[in-house]
């Protein structure tokens, strides 16, 4: 950690801050420049409990040196994390394809999509039983009934099931049916929920928040890892920008960035990112070219009748044709 | 709702979509232009359960006409909502001043701040007992102990208590101690939590999410209102932009925008918005000039020792001097 | 164009606006809903000289129906524009590779890069002689001398030269040396400059502005097309977001979006987008997978000595190894 | 400047970088931490001509310590810059009110606005003769004729004239008529233009770019100051964000930030920021409360007939009523 002092700071300021740092167990290193004095604090700055040094009047700014996450970092674990679910692995040599409707609506529709996903070689069926919707008047999901449909589709097709958890009180219910638990973008900073899924022994798919930096995504993963669950899959799904033509702006550079900083696998959801079915195929290809470990794609048997996200859902034949 | 068809759409497309709209109970109005045909759908488009019309191949875009929220709208309720808490009102003629530390850390510090807030005429003591922190290694709040300190400070100073709820499982506990329940920016789209606080009979302070539009903020308020709780206070606390000098970018235009679209009161948190104590006083003044119904300000008895957000906390004398 | 009236508007308002629209040569179409009256105005809304109808007190909002650009649109010209420069085409089946240093610094360095580009099959040498730099103290480019070095490198390697024009007063000079004229991101909305390059008979590479929407990029292309120059190549080079790990956020979805709306070719500059050499190769691959017509890549013979943008420049061997 | 080395860097790396820094005239200061070695480089880092040290493979990141601008900084000049134009000062105790139409359209309309501005105590008449418009089909301004109208209005009302310069080739023409030269947001990074207005002896109003950081705004001011023109007025006019209800997001915190870092005056343009006339008055008040040195406000004699920006223009009586 580097502490830059304001011009005009005196020896008293330097001594005060140096003492504070030393009390925290850090080694102090001083260097006086023409315009500024800077204090280097050597040691594990992550263990510091918010020293709030920047609040001291003589301090101009505090520059962290180390990454704020540890367990998620490539330095902590050099080799890639490969997660096994059923017979499938995520983060290894395969591209994990997870496809299905935004929300589970009825058994027949779900089954027709599931069969198509299985026939095209996908390994996972996605589908929401609990749906986070910006309007209270929009379809909120079938709940337990939706989970049962997913399990029935798994039974028939052999696909593994990935579905979203929104509320810590539903943890046991969702875990009973899902093979992978999804934490949605809107809950990436729902730390209570992250701690809960950190305690289970199922993989967690953690979606990047709408305006979360890559570091914040890794910090949220750190919450899960820190509770003991090592099977975290990250998911880039577009971030919010000023561009309005697409629903969000897909940040594919997050893939090589995550790969350089972390050992965790990362997949891409092009459907939510672009919000328009016609753009999904090229973005899916680009994601794989950029090094993604998998894809999460919305497919619906009849998008214009979908209860949610119809415009961004591929038709079954569009999906199998990619 | 206006449905714009792609060039080249034929009568079959028009008939198909018109029939769908009529089945939904909407009246259809057709107009054919030089390059595009557009279909007007008249009726309460909010009651539609996601028709997903934009997924139909002949549709170029769907333009909503009505606002997506109803109970929160100025059209639904013309006069301002004025919320009474104890002897104080929010949304009326007074400016509600809510001040205190980011997190409750110990009794003595809290009391010294609370006394200063009361003496300067503030009516509310803010302080976090449950803290949403981006790092699992950062101070997470004192929990129940912190709530007890807040209650003790209320006892002594007469201030009303506002504190954050993060987890639906803590609802009863937090309600037992708080006069106003705060929903933090990171939980603005935690719809499970919103539904829960919609069922209680205490006012809810709902903070705007880091990248939430004003409409989305009002939609989240609609979740609470729709469950029956009419006492929602909105809070602008800065949005995330490309600017890095300030922690967030305070969007004061949200105040007149909310006032024009909604009857709900809106207050401003300049501390989280700017992230630097020296900028807080001028932004607090600007917020009041823009028409804010109140201010939420971080004050700490010793910012450089604060467990969180020290750099943006005013010292006691800085606060009383505004 | 759809004009939505405020609730409570009366017949006088409707008549006033309808008359105005009819005077502009538009056909009027009225539809009265439960809460709102909407007026459809049929005709070429692009020819309207800013009617400013939204300023009329009874108007709630104005929704455009047609795209604001015409010559750049896929509707105006269905087949892809393929641009010939020397023996090379851009926008056809080939991927155009344009590589070279950010700024031209000296003859030897430029030549060593140019030879490598030519040997790896690249067709274009990029290099700045006039450099837009955020600091007046940073290297501003060699000017005419830099252009001469570029011409000399073309002489030796057969590569075509692409270089930036910043000032309309340098137009003749730059045109004398360049095969393609680049308009940089900071000048995408420098309309005086756009009009000038609209009058020349050389292809123009138009970079997307840091916070320009895709529509605004196409509107800037429209300025050039409208002056008579039909050879416009668009370039996605990352947009500004809240993410700080990368220099900008590369928006690869701009590729299929441009392809769907316009006939113009689009290439990608991954170097400026990510700002870090180690991320460039995977983003270059992703760009091609997404359908880009070419790549613009920074390569330097010695990045740590580069006068600008060293950190994002590939070394020669890194480039030839892609 | 702080250079952070990657873990695993060895003495050879340290020596190489240290030598480079010393050759640049900087003093080197080394500190080795548990995980990282950091090198402090003491001296005026602004004089460095882009050392591109971050391109060196052993370097993880480079953290600048000093502000990148000098002449614009509060450290270079402690007292506020107060600019005199005619009898008026900007940056002193008065609030400079600059008002008028977006574009000059005809003599009568301009005069009726000018008289109202003068009568309400405004000192400056704003009006565009050269207009940067995103569409080539939109009104581009009256050019020289518009300048003559402005001069005639000055003659009659005594108001000083502020108008925009877009093209370096129009410099002499615009200077002949204007009292203050405006550089628009789209040209904030048009460095050729900035250098030109740095050579004149009239004040320059420099508007913040749509996605420019406050530091970048000050760097653009530095370009003008560095050429010798000391009379630079900064202008906050809203930045581009994800929020769509307002045209831009007005960043009033830029005012105290600029005041803390720079001696230059800063005014606010609420009209372009919010894009809706009804929001302008409260944002104008908020700007003054935040410490702005002046206001730039669009006023039109008949907004619904305006050639540009009608929806955000105040009517004459709305303006005089603020």
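As written, the chain order gives the labels A, B, C and D, with residue 1 at the start of each chain.
Just so we're on the same page, a contact is a pair of C-beta atoms (placed from the backbone, for glycine too) under 8 Å apart; a residue touches a chain by one contact, two chains touch by 3 or more.
If you're wondering where the values come from, they're calculated on a predicted model, not measured in any experiment.
Chain pair with the larger contact count among A-D and C-D is C-D, by C-beta pairs in contact. Ranking all chains by how far their C-alpha centres lie from the centre of subunit D, first place goes to A. In whole angstrom, the spacing between the mean C-alpha positions of subunit C and subunit D is 24. Subunit B and subunit D have centres, each the mean of its CA atoms, that are 32 Å apart.
With centres set at the average Cα position, the gap from subunit A to subunit D is 38 Å.
Multi-chain contact residues of subunit A (touching two or more other chains): 211, 240-242, 244.
By the touch rule above, subunit A contacts subunit C in their complex via residues 211, 213-215, 239, 241-246, 249-253, 255-257, 260, 273-274, 278-279, 282-283, 285-291.
For subunit C in complex with subunit B, the touching residues are 2, 4, 7, 27, 29, 31-36, 38, 40, 42-44, 63, 65-66, 75, 211, 240-242, 244. Note for the complex: subunit A touches subunit B at residues 20, 46-47, 49-50, 52-56, 68-69, 132-139, 166-169, 186-187, 189-192, 195, 210-211, 216, 219-220, 222-223, 226, 240, 277, 300, 303-311, 313.
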